[in-house]
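Listed below are the structures to be examined.
Presented sequentially are two complexes of chain A, the first with chain B as partner and the second with chain C.
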Partner chain A sequence: MRYRAPATDALIATDLDTLTALFHRPSGITHLVASPVPEILAALAEPMTRDQLLAALARDYDLTDPDPRALAQRLDELVASGLVATS
Partner chain B sequence: MTDPNPSDDPRIETPTDGDADGAGVPTRRRLLQLGAIGAGAVVSIRPALAQSVGSVLVCNIPVPDLGHAGSFIDANGALVPAGTKGAVAPPGRPFKGEEVKRAMAGYRLPGTNYESNRAYMNYIRRLQRGQGGFTCFASLQMPR
Partner chain C sequence: MRYVHRLRIGPVGFRIGSDWRAPIDQLADLYRAYPTADHADYTVRLFAARPWRRFVRPAVSIGGDYMLPEAAPLPLVHGLLAAEMAMNLQLALGHRRHLLLHASIAERDGRALLMTGESGAGKSTLATLLAANGWRFMGDEFALLDPATGLVHAFPRLISLKNQSVAAAAAAFPDGRFGPLLKATPKGDIRHLVPPVDAIGRMDEPAAPALLLFPRHGVAAEERDVPASEAFVRLTQASTNYVALGEVGFRALTTLVRDIPARAIDYPDGATALAQVEALWART
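== the complex of A and B ==
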């Protein structure tokens, strides 16, 4: 299964210190997200599998917990919220 | 095999000039934690319109409206005197917005047959502003 973030023009993002407000234009829903969500969405600009995403994040960041299960939970949340689509 | 050598001091790499300004310290990349701290990492705020969809679906559409209670409804949805041949009796209770929305999608209104469903739906489609149920029907047609 591959995951992908919405097109950049579908999201309006505003940083609120430790949180980020994301307005998802297609649904009209505003999401308040915390790290690592903005980083995951940035990485998913191009569709990839969970393992590829973990590798991409490990390449760009110092992961304190490179745990596939934790990443799976974040992805499940994002799919449920409509911020990430699967194919 | 390791041979600790207490006399061999590794501090030769310690910068003394301070010109590196943190360079060389292995924190050049940002820390990222995948596991959520406490609850999940996403809170979604739905727009007011989405909230109103719930109330739209439980609003009522009386057939016919209270001012014409007892009238029959002909196949085109027009109100005719009770007992008119070819017309159907009123359903006896108002339809819920949700039921009408389903009927607009091709399902039948509850408790109806082909004829009465067609008559009731034609009546509902002809509702005008000011008639009972008009606001409910109009809001059913708003895009989400």
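== the complex of A and C ==
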């Protein structure tokens, strides 16, 4: 299964402090998210599998102990919220 | 409608119609310093749900361009409150020109202090006390944030004072013009106060937001910073049209909470709150 973030122009992201406000244009829904969600969405500009995503995050953010289970949970939440689509 | 009054409050024009004369006479008297609306953005109707309710235990139903089906009618003696609630309802449900924040506003030197919180937090009382101490009263119900300019527009309708705040306002404005005491309304005892002369005369002057305050009345004095994300969430909850405005509302609100500081203040009484606000304002 491959995951992908909304198109760049479908999402408005505004950093508030440690949290980021997201406005999802297609749904009109506002989301308030914390790291690593903005990083996951940035990485998923290109559709990829969960393993590919984990490798990309580990590479881009120098993760010493990437946690596949935690990533799976975040992805499930993002799919449920409508911010990430699967194919 | 048998009886009609037109008035403008800030940028909003109302046409208020009623099956009864009394609420219109009270409105016309208390709002006599306000301009007549050139056009009505909203029509408000105070009507008898059944014809005999005009005469037998008269009950005022609230209606207009926008209605809440479950709104309970009020007795005619509370007709003024019904009119005020109906005007607020039109704005809350219908307004799209501005982002509406359930907040009171006081202005000084062109800069606005926005105070928001749940009912009973002291928004109206604080704005009234500030108005008696050199600030311009801009409203105690809605702050109208213009998404294009980031400025807040005044909506200085009658100040709605509840229970103990009536005495505090009477002490602050011994020569103030008050409406009738409306006892045992669904919101408690209520009395309306006509805003000060400069609040009405300058109601077309917007102001730049400078400080966002989350007051809480009845507890020991305390203060803390409110992070922008918390302010954002609380203001989305305090806005009646944030969702309806979509992206425009998102941009206006994120800009507001990123641009100005936000503080929560707990206060035991009005005098303490005034001192806290003045100290905060001096540092802003």
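What we mean here is this: the second predicted complex is superposed on the first by the 85 of 87 C-alpha atoms of A that agree within 3 Å, B and C clash if a C-alpha of one lies under 4 Å from a C-alpha of the other, contacts with A are read in each partner's own complex, and residues count from 1 in each chain.
By definition in this document, a residue touches a chain if its C-beta (ideal position, glycine included) is under 8 Å from a C-beta of that chain, and two chains touch if they have at least 3 such contacts.
In this text, all values refer to a predicted model and were calculated from it rather than measured experimentally.
Participant: Under the stated touch criterion, which partner chain does A:Thr18 make contact with: chain B (first), chain C (second), both, or neither?
Facilitator: The answer is second: A:Thr18 touches chain C but not chain B.
Participant: Just chain B (first), just chain C (second), both, or neither: which does A:Asp9 touch?
Facilitator: So A:Asp9 meets neither chain B nor chain C here.
Participant: Given the touch rule stated above, what does A:Gln73 touch, chain B (first), chain C (second), both, or neither?
Facilitator: first
Participant: For chain A, which side has the bigger count of touched residues, chain B or chain C?
Facilitator: B
Participant: Between chain B (first) and chain C (second), which does A:His31 come into contact with in this model arrangement: first, second, both, or neither?
Facilitator: So A:His31 only meets chain B here.
Participant: Can you pull the chain A residues that chain B and chain C both touch?
Facilitator: Chain A residues touching both partners: 28, 30, 32.
Participant: Flag every residue of chain A that touches chain B in the complex, lowest number first.
Facilitator: 28-37, 39, 57, 60-67, 70-71, 73-74, 77-78, 81-83
Participant: Residue numbers of chain B touching chain A in their complex, please.
Facilitator: Checking each residue of chain B against chain A gives 27, 29-37, 40-47, 49-50.
Participant: What part of chain A is in contact with chain C in the complex they form?
Facilitator: Residue list for chain A touching chain C: 12, 14, 16-19, 21, 23, 25, 28, 30, 32.
Participant: Provide the residue numbers of chain C that touch chain A in the complex, in ascending order.
Facilitator: 227-229, 232-233, 236, 243, 246-247, 250-251, 254, 257-258
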